[in-house]
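First up is the structure itself, then whatever we jot down about it.
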Amino acid sequence: MTNLIEFTWPVRVYYEDTDAGGVVYYANYLKYLERARTEYLRALGFEQDQLKQKDGIIFAVHSLTIKYRKPAIFNDALTVTAEVLDQGNARLTFKQMITRKNDNTLICSADVTIACLDAIKFTPARIPARVQEVVRGS
Amino acid sequence: MTNLIEFTWPVRVYYEDTDAGGVVYYANYLKYLERARTEYLRALGFEQDQLKQKDGIIFAVHSLTIKYRKPAIFNDALTVTAEVLDQGNARLTFKQMITRKNDNTLICSADVTIACLDAIKFTPARIPARVQEVVRGS
Amino acid sequence: MTNLIEFTWPVRVYYEDTDAGGVVYYANYLKYLERARTEYLRALGFEQDQLKQKDGIIFAVHSLTIKYRKPAIFNDALTVTAEVLDQGNARLTFKQMITRKNDNTLICSADVTIACLDAIKFTPARIPARVQEVVRGS
Amino acid sequence: MTNLIEFTWPVRVYYEDTDAGGVVYYANYLKYLERARTEYLRALGFEQDQLKQKDGIIFAVHSLTIKYRKPAIFNDALTVTAEVLDQGNARLTFKQMITRKNDNTLICSADVTIACLDAIKFTPARIPARVQEVVRGS
């Protein structure tokens, strides 16, 4: 597994993402953040549908803090990062940033804590050992 | 059951619904249409989560045609109608309209065909008899 | 103006709000929170489209922290609160909670800081005096 | 300009796109369709923000018909096509299809008519001549 010091994922802003203020709607940045986390896991070799079927676990957002610095607008090409700051047996905390590609403006930054849950009972569950290892090595 | 000649449901336009054009994003009208269909069924006495659990069926959109007449904007108070135009054993076709309350402007009109599906296999299923009867009488 | 110790706004969960996990998608709770803040301002007599046109200001989310406690599901009837915790010249911090109506379960809680911005330049602006007064008295 | 017999755009299904039925929410396919139309115009050399600023026009959806054939699910890699079926002075009609990449399953097909509007007055406007020419040649 390559060492992913900082995983990045490109996102384009479409009309669907904006609001009448002319900027990206504040809730929609959370979609961008999740796309990057999903692609980070995929880059490490983990597909969430298989984790659900084979390991019986899902990842759910436990809590997050987000600071909106500058607005992104229609057509912006953005870069979303995903880096694991802290790793527990049943939780991962990501540090994530969204920047505009052409001028490197920081759009927003977030700390997002993800909980591993039993896919049926929605109770806390251990992150599968092989996921823990690969995330630790990333 | 009262005779629901024309079922209506109020919708308020929030920032979440708009786009950078300053108007409601075209896909979001489909959310309004579905809220009205859901509330129409609820008004007739049918909760979709119970239809799934007890009858093993779900309703899915099979096809639709929508004409966008005038744009709705932030803060508009809208009225959404839901009227069954055509009823089959496994399908319902709704005629729906969205108008602005204060000036009665027609925002969009749509024909939406709903299919009744087996909740597990996603194959066509008969609409439960009691639903068919109540819809016919509405 | 009546004293709004705790403003509440009802929200129904529709299919549009849920995801394949069977629960409300985490970003969509932010839509519910904003609906309640919009309705809180409306209840105090302030329409955001008029604040933009007449006062040249908009409100934008500056930062937020949200904790997801229990998932809401399709058809849930929720109650969203909006209470101003802290009030500055150019900022408001809301404490908000989302609970399920029928069993009073806390779904999530959030602190949301709103910045008043010049509607054209997107630079910080003073909250209009009459808004400040009414919010202080609420 | 290369001849784009059939323009295609890849889309990945994320949790944000799905609903509690376990499939992509019906309104969200319209987002995918629009992404493909936006990227089609970009591939032809036209950025919609520049068309708005320089030509004073925007494109808005006038009407559409969509048939949902098979559901797409979380993690699906989809292909969205955009092909101009009919071209008028102020309108374009697109034929669009969404298929699943790995097995070529047709997910849905749509005819979407786009109107060119004056960006300020929202009244019908002529599609700029150079856009008409390039679309005709594509």
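Just so it is clear, A, B, C and D label the chains in written order, and each chain counts residues from 1 on its own.
In this text, contacts are C-beta pairs under 8 Å (C-beta built on N, C-alpha and C of every residue); 3 or more make two chains touch, one makes a residue touch a chain.
Being a predicted model, the structure only gives us computed values, none of them experimental.
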Most distant chain from chain C by Cα centroid: D
Chain A and chain D, separation of their C-alpha mean positions in angstrom: 27
Separation of mean Cα positions, chain D and chain B [Å, integer]: 24
Distance between the centres, which are taken as Cα means, of chain B and chain A, whole angstrom: 33
Sequence positions of chain B contacting 2 or more other chains: 15-16, 21, 23, 27, 31, 34, 73-74
Pairwise touch network: line, ring, star, complete, or other: complete
Residue ranges of chain A in contact with chain C within the complex: 21, 23, 26-28, 30-31, 34, 58, 60-68, 71, 122
Residue ranges of chain A in contact with chain B within the complex: 15-16, 18-23, 25, 27, 73-74
In the complex, chain B residues that touch chain C: 12, 14-16, 31, 34-35, 38, 47-49, 73-75
